[in-house]
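Per-chain numbering from 1; labels A, B and C assigned in written order.
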C-alpha cells in the first residue's frame, strides 16, 4: 500500500524523484488493442516490464564488476485504473525504490495522454522485483549496489515490503502442481466452457541478451489467454481490471515451447477471475522435463458498447475442486474490495 | 504437375512472362526463423499469399465496375525445395496464369539470395486460387476480367487445372467434421504425445480491407502448430518440407478467436505428416456457431546439426482411426514420391 | 538538387536505368498508419532504407574478396510528396547511382498504388549513402567495386554530390553536443510544452548481421517521436512533410538502450520543424559511455479532417537558445522554399 501513496504524493506535489528516473513513451497502435479500441492489459504489462528491466539492469551494472542482466522475479498486484485507447501516448516512468543485497524493487507508473485534447489519466502503478544474473553464468545471482534514501522511513518501508513478498513467493511455490484438464461438450457457463490454452514457440525477440524470455512477454501471453477465457464466458467486449501478484519461479529459455492455459475460477456480479498457468517444454536439445514456470490470477470486467461495466453470467460450479477455487477467489475478491475502500479515503486521514 | 513444368520451362528458356508480374523482396530477420536460423515455412507461405493477393486484387479491379478484394480460395500442394536462412533476401514473383469466370490462378515463385555471395536458390513454386468479393457485399462474388494467353495451349491447360481443383475442393469439404481430442498421460511417440493446439485472437493487422483474415496469416499459424507437433515428436531441429493443397472454405472475420490444432498422422523413414485444423469462434457480436474454416497436411523433416535429414522416430499407432489416417498418409506419401520421380526426369523425355 | 532532376528525367523519358534495380513491395497495414489512416513517414523511411541496404550490400559483395555489410552513413533530405494510406501497395525501387572508393550512393523511389482504382502516385525520392564494413572486423571499411556510367556527366555529377555530402557530414558532427532538458509546468505552445522522448531496447530483429541497428529502424523511431511532438503542439492529425539530411556518425549495437528525444525548433504558417536526437546507452557488456548516435530535423504539417493543410499555432520562444534555433530553422525553411521554386519550373527551362 505504502508505495502507492508515496508515488501519489511525489507525483502530486512535484517532489524530486529519488533515483534513475526514466520515461519511455510509445503511441498505441491498432494491433495493441481489441476491436473496441481498448489497449490490451498485456501490452501495458509488457511496457511496464521493459521499463523495469532497463532501469534495474542499468543500476546493477553501475558499479564496476561482473556484468549482469536483471531478471524479473515478481510483479506485485497491479490494477488497471482506466482503459487506454488506440492513438493515445503511453508514458511509462520507472524508479528504483528499494534494494536488498540481491534484489531491486522498481516502481513503474503509466499515464495515458490523449495528444489531441491534452488530457492525461493515470492508468497503472506497478511494483516489480528484479534479480541481477551474471552474464557469464546465469545461475549466479550478483550483488546489487545499494541506493541512497531521502528519508530513513523509506528504507524501512522498503525492507518491510521486501520481507512480505519473500514470504509470499514461498507460499505460491507450493500451489504450482495444478493442471487444467480438457472437458468434452461443456455446458454453458461452466469452467470447461471457457477454458483455453495457447502454445507459443519462443523466438529471438521474446528474449533478453541471456536468451531467456522477458517477463513482459510472458505476461502479455498470459493476458491474451485470460482475455479469451473471459470473452468466451460472457461474449462481450472485456478489459483487464487487475492482475494478482505474479512470481517468476523458473526462467524460460529461448527455443522452448510454452503452453499458457487459463480457466475461470470466480465471478462476482461484475467481474471474472481467471487463473493462468505457464508451462515450459524445453524440447529441443535439452534433457529437461516440462515444468511450471509461472501462474497468476487475472480479473476482467465486461463492458457495454458505451464502455460501462455490465453484469457477467455467473460461473456454474460442477466439482468440489471448482467450488474450493471459487471460494478462494471470493476471498481474494473481498480482500481487495476492503483494501480499496481504505485506499479511497483522503490521504490526510491515514 | 503441369504448372510446375510450365514455370520451369519459362524460367529456363527465358520465355516472356505473361501478365502483371510483380516482385516483392524482403530481408529475412531473426524473428522469421527458428533457433537453427532456418526461416519458418509459414513465413514463406505468408509472403507468397501476400504477393498473390496483391496481383489478383489489382487484376480484378482493372476493369471499371464494382470494387472488390481477392480472397484466397485454395493453395495447391507446395514444396519447400531448399531452406532459407536469416540474412538472405527473399524474392517473391507472381503472375496470373489462368482466369475462370469467377476465379484467378496465380503462380508465385520464391528465390532466396545470399547477398554476400550472390548465390541464388529457388525455394518454392506455388499456385494459388483467388475469388473476387465485392467490397459492398462480401457474400457476392464478382466476375474476373479475362487474361490474354500467348498460346491456346496455355488456356486449355489452365482450364484443366481449374476443373481438377474444383473437384478436389468438393472432396475435402466432406472431411472437415473431424475433431482432435486431448489425451491424458500419452506414451512417447503416440499421436497424443505430440498433438498441440494454439488459440489466436484475430487483430487488425491480420485482416484485409474487408475485415477478413488474410489466407497467409492463417497458413503461418498452421505451420507454427505443425512445427511444434513435429518438434515435440522428434525433439530436433525440424523444417517444413511441403504443404498439401489447402482449401479455404469459410472466411474468418476480425475479432474471431481461432483455434489451430495439429496431430501427427504418418511417419516415413525421414518425414512426418501432420494434419492441421483451423476452427473459428465468432464469439463477439455474432450469433454464429464455431466452425471449421481450413484444414491441411504439412510434411516436416528432421535435420541434424549439420543440416542433413535424419531418421525420425516412428509414430506409435493406438486406435483404428489412427491406423486409417496413417494408411491415408502413406498413400499421399507414396503418390508424391511417384510424382516426384516423374518430375525429376529430363523434360525432353516427357 | 541535381539527383532529383536526374531521376525525374529518367522516369519521364523512360531512359534505361543504370544498375542493380530492385523492387520490393508491401501492402500497408493498420499498424503502419496513424488513426486517420495515413502511413507513418517513419514506416516509409524504414522501407526505403531496407531497399538501399540490400542493393548496396549486394553490390559491395559482387567482387570476390572479403565479405561485408553495407551500413547507412547518410540520407539526403527527403520530401514526402503525397500521403500513403492503409490498404495501398508501396512499390520501392532502388538503383546505385554513384560509387566512390569507400561509399555507395543509392537512389530509392517510392510509389503508392491503390490496387482497387489502379491509381499510382510518387510519394518519395530518396538518396542514401552506404559504407561497406568488413564482416570480420566492423571497424574496417572495405573498397567498393566501381559501377559503369552510361554518360560521363553522370559520374561527374555523382562526384559533385559526393563531395558536397562529405563536407556537410563534417559540419553536423560539431552540432551533436546539445541536450534536451525537461521543463516543469510549461506554458502552451512553448518548446517545453511539446518536447518528448522515448526509449527503446534494441532487439535482434532491429539489427543487421553484424548486430548493429538498421538505419531504417532508427529513422522510424525518430519519426515516431517527432510525430508526438508535432501532435502535442497542434492537437490535430499531422503528417511528415520532409526530413532533412541525416548523418549516422556512430553505429548502435544490439543490446543498447536508445533514447530518442525531440523538440520543436521552428514554426512557419503551415509547418513545424522538430529536432530529434538519438542517444545510445551501451549499458551491458560495455565500458563505453552514453553517446549521441544521430540527429535530424523533421518537418510536419497539420491536416484538417478533409486532409487539407491548416495553419499551426506559432511556437512561443522563451530563451536565447530557442531564439537562435528558431532563426536557424527559419533559414532552412526559406532555403528549401527557394530551392523548391526553382525545381517546380518546367524542366525545359533549366
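A few remarks follow.
Going forward, a contact is a pair of C-beta atoms (placed from the backbone, for glycine too) under 8 Å apart; a residue touches a chain by one contact, two chains touch by 3 or more.
Model, not experiment: these values are computed from the prediction.
Different-residue interface: chain A and chain C share under half of the residue numbers found at their contact.
Superposition angle, chain A onto chain B, using Cα atoms only: 180 degrees, a multiple of 5 between 0 and 180. Spacing of chain A relative to chain C, judged by their CA centroids, is 37 angstrom.
Across the assembly, chain A contributes 30-31, 204-205 as residues in contact with two or more other chains. Per the touch definition, chain A reaches chain B in the complex via residues 30-31, 34-35, 181-182, 184, 196-201, 203-205, 224-225, 227-228, 231-232, 235-237, 254-255, 257, 281, 283-285.
Touching chain B in their complex are the following residues of chain C: 22-27, 29-31, 50-51, 53-54, 57-58, 61-62, 67-69, 86-87, 89, 113, 115-118, 135, 204-205, 209.
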